[in-house]
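Just below sit the structures, each encoded as structure tokens.
Same chain, two partners: chain A is paired with chain B first, then with chain C.
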Partner chain A sequence: MILSDLVDAAVYEDGRQLGFVVDVRLALDGPVTGLMAAPRIVGLLVSARTSTSFMGYERTGTNAPAVIARYLAYRHRGTFLVLWEDVRTVGGGDAAGSADARVELRPGFRRWSAALEQHGTASQA
Partner chain B sequence: MKRLLGVALGVLTAIGGFLDIGDLVTNSVVGSRFGMTLTWAVVLGVIGICLFAQMAGRVTAVSGRATFEIIRERLGPRTAGANLVASFLINLLTLTAEIGGLALALQLASSVEPRLWVPVAAFAVWVVVWRAKFSVLENVTGLLGLTLLVFTFSVVLLDPDWAHLVHTAAAPQIPASEGAASYFYYAIALFGAAMTPYEVFFFSSGAVEEKWGPKDVSQSRLNVLIGFPLGALLSLSIAAGATLVFLPQQIEVSTLSQVVAPVAEAGGKVALAFVLVGIVAAVFGASLETTLSSGYTIAQFFGWSWGKFRRPSQAPGFHVVMILGLLVGAGVLMTDVDPIRVTEFSVVFSAIALPLTYLPILLVANDREYMGDQVNGRVLNGFALVFLVLIVVASVAAIPLMVATGAGA
Partner chain C sequence: MSPRVRPRPRVPDELPELPPHLRPAGRVLDARLHLLDRQILDVEDVPVTTLDDLHVSYADGDDDVTSGDRPAFVDQVLTGPVLVTRVFGGRPPASRLVRIPWSDVVDVGVAVRLGVRGEGLDATWVQRWLRDRVIGRIPGGRHDPE
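Our next item is the complex of A and B:
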């Protein structure tokens, strides 16, 4: 599986569609391989209404130009972070991973704030 | 003193390098059909390119990243890939138009059939891109391009009714002989000619080539804010010349010899010699810029090493893309296609593609993670957002207007 398989995938809980994967959040805290720490998947960002990009406005310090920031926040209202441990299955897509990729969440999973803390600013979510 | 000279050189090359075949042809056609009534579109275009180039230059100077590196980083591979395809194809169209314009200019100077000039022109562009130093190619073509000021002198020599010219520019009315659709189609063409995307690819990548840092931001701002408006004055002079010579006789400009006719009429052979040197220099400069831009966009997207500051053997992909771009452009021109028509299409498609590069630059210019304290201020963002709306409107309206008017015919 590669990251592109996950991005755009439809997200379900108990057969009910919750939205689409718009981003995959990674942490660079794995064992050092070569020059860098290996990335680890923290979780998926799930947007309820659109599979288009957040364009970086999920970071809390990024809010200019205000018109664009507000529009994107509105497009992505209700976006949440679901931890990778709460993802039950990933599949349903074809080999290329494009068509109908499907992510099934564990029932009773927890929704985390999608905001990404930046420069020590407080989370507003 | 050295710094002052640097500023002067930068401003002069910005003036001389402002015009390309798209500006030359579009302004002349518009002058012959609409007089000075579309001056507002040139003014909007030059304000837009000042905003855009200034933001792109600052983003590159502060972050060290050129336009397509940013687009790839910010939009992700898929959206950026679609953006790359559109931007690259439109740049290729512009490249084709510039090489064709170069061949037409050489034809005017020599009376040798333009299709014989196409391979020579493409080869000359390649040799310079392969061998010449970046600063040399930019400064020589920019300074020689200053001879285009003869367009402005010609307007004075033609002794126009200034009050009437200024009045038609300041209180524009659609001429009775033209429809509103054609009028706005050419407004978009003028806007696209002033705000061609390659200018920004070239400007931002050029900032990397010349190793700009944050301390160079103020100089780049001066180059842009003084040089581009003076360049636009040349655009308006071309339109004014065509207005004076062709509009009263209802002759529509459709060849490069007509573009220079007002200069020949006003100043005779000497003026004509100056304008031909200027056109060859300006269009050759633009051919270099579009050729380099084809390499810049692809290499930056795929993360290849790029740039004239490297030897060709250190940036092979970059040079191969440019060679292929020149071959395709020259190949297209060897068919029956009319370079002037290619130019007319290239400026409109430039307007269509503009949001693709403008939006990412605007977003990154506001991003503290890249820019630190040098993010856009409130006033600048206000203007930038107004232009975002204008750019999107022009982009969306261009295709319906192109269909409705039969591409301005």
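Our next item is the complex of A and C:
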């Protein structure tokens, strides 16, 4: 699978639309085949309002410029992380941005905070 | 239908704060935020290409990833002619994307660094072809400027 199949896909739980995949969270803790571990998919970041994201404002706690930060925080309100284990099916789209791309979550899945700081990501990237 | 006109669920203005998920053992990256569109540099810091997409498969190499039943991993970095499809939509066929194994990646930061020379990668064949077949035939095109 190509990652673009996931990004921008519509997300559903039991037939009810929850939003769109804005990003895919990875952790460098997979099999080590070279100098770096392979990135493992931790989960999907789902935003109810939009399938786009601007510089990760809603995940990084960036608060400047204040006007832009507040607007983007409002626009992305309710963004959550859903773990990869809670993804029941992926499919339906064969092109990035396809309106048919669809992710179905397991009933009773749990929502987690989308914030990156709580995941301790590197700050230079 | 454009994603911009897809139906969207209503979201209340005030939402409860969500609990943080346990931090994984390794460094955490968001694909779109930290990887996609980053420049790829080779072992000598020479720009090679940009990271246009990522290939995902299960641990056994099966790339038909259809559910979260098993852990899925990024095993290849993809690059290719995506400019036109970004403007007009869609994605180039998988056969047109050049694949760089993740095992060649040695660092992810502002740029993605490879541990191999770009000269030997398929991703640079257009540059090599232009150098050898076009630039090299221009008088003075086979040596550094003096």
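The criterion applied here is as follows: the second predicted complex is superposed on the first by the 107 of 125 C-alpha atoms of A that agree within 3 Å, B and C clash if a C-alpha of one lies under 4 Å from a C-alpha of the other, contacts with A are read in each partner's own complex, and residues count from 1 in each chain.
By definition in this document, contacts are C-beta pairs under 8 Å (C-beta built on N, C-alpha and C of every residue); 3 or more make two chains touch, one makes a residue touch a chain.
For clarity, every value in this text was computed on a predicted model and none was experimentally measured.
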item	value
Partner chain in contact with A:61 - chain B first, chain C second, else both or neither	first
Touching partner for A:107 - first (chain B), second (chain C), both, neither	neither
First, second, both or neither for A:45, with chain B first and chain C second	second
Of chain C and chain B, partner touching more chain A residues	C
Which superposed partner A:15 touches (first chain B, second chain C, both, neither)	neither
Touched partner set for A:4, first chain B, second chain C, both or neither	both
Partner chain(s) touched by A:53 [first = chain B, second = chain C, both, neither]	both
First (chain B), second (chain C), both or neither touched by A:28	second
Chain A positions touched by chain B in one structure and by chain C in the second	4, 7, 53, 55-56, 59, 118-119
Chain B - residues contacting chain A, complex	74-79, 362-363, 366-369, 375-376, 381, 384-385
Touch list for chain A against partner chain C, complex	1-4, 6-8, 10, 16-20, 22-31, 33-43, 45, 48-51, 53, 55-56, 59, 74, 77-78, 80-81, 83-91, 95-97, 99, 111-116, 118-122, 124-125
Touching residues on chain C, where the partner in the complex is chain A	1-3, 6-9, 11-13, 15, 17-21, 23-36, 53-57, 59, 63-68, 71-75, 78, 85, 89-91, 94, 97, 101-110, 115
In the complex, chain A residues that touch chain B	4, 7, 53, 55-56, 59, 61-62, 64-65, 67-68, 118-119
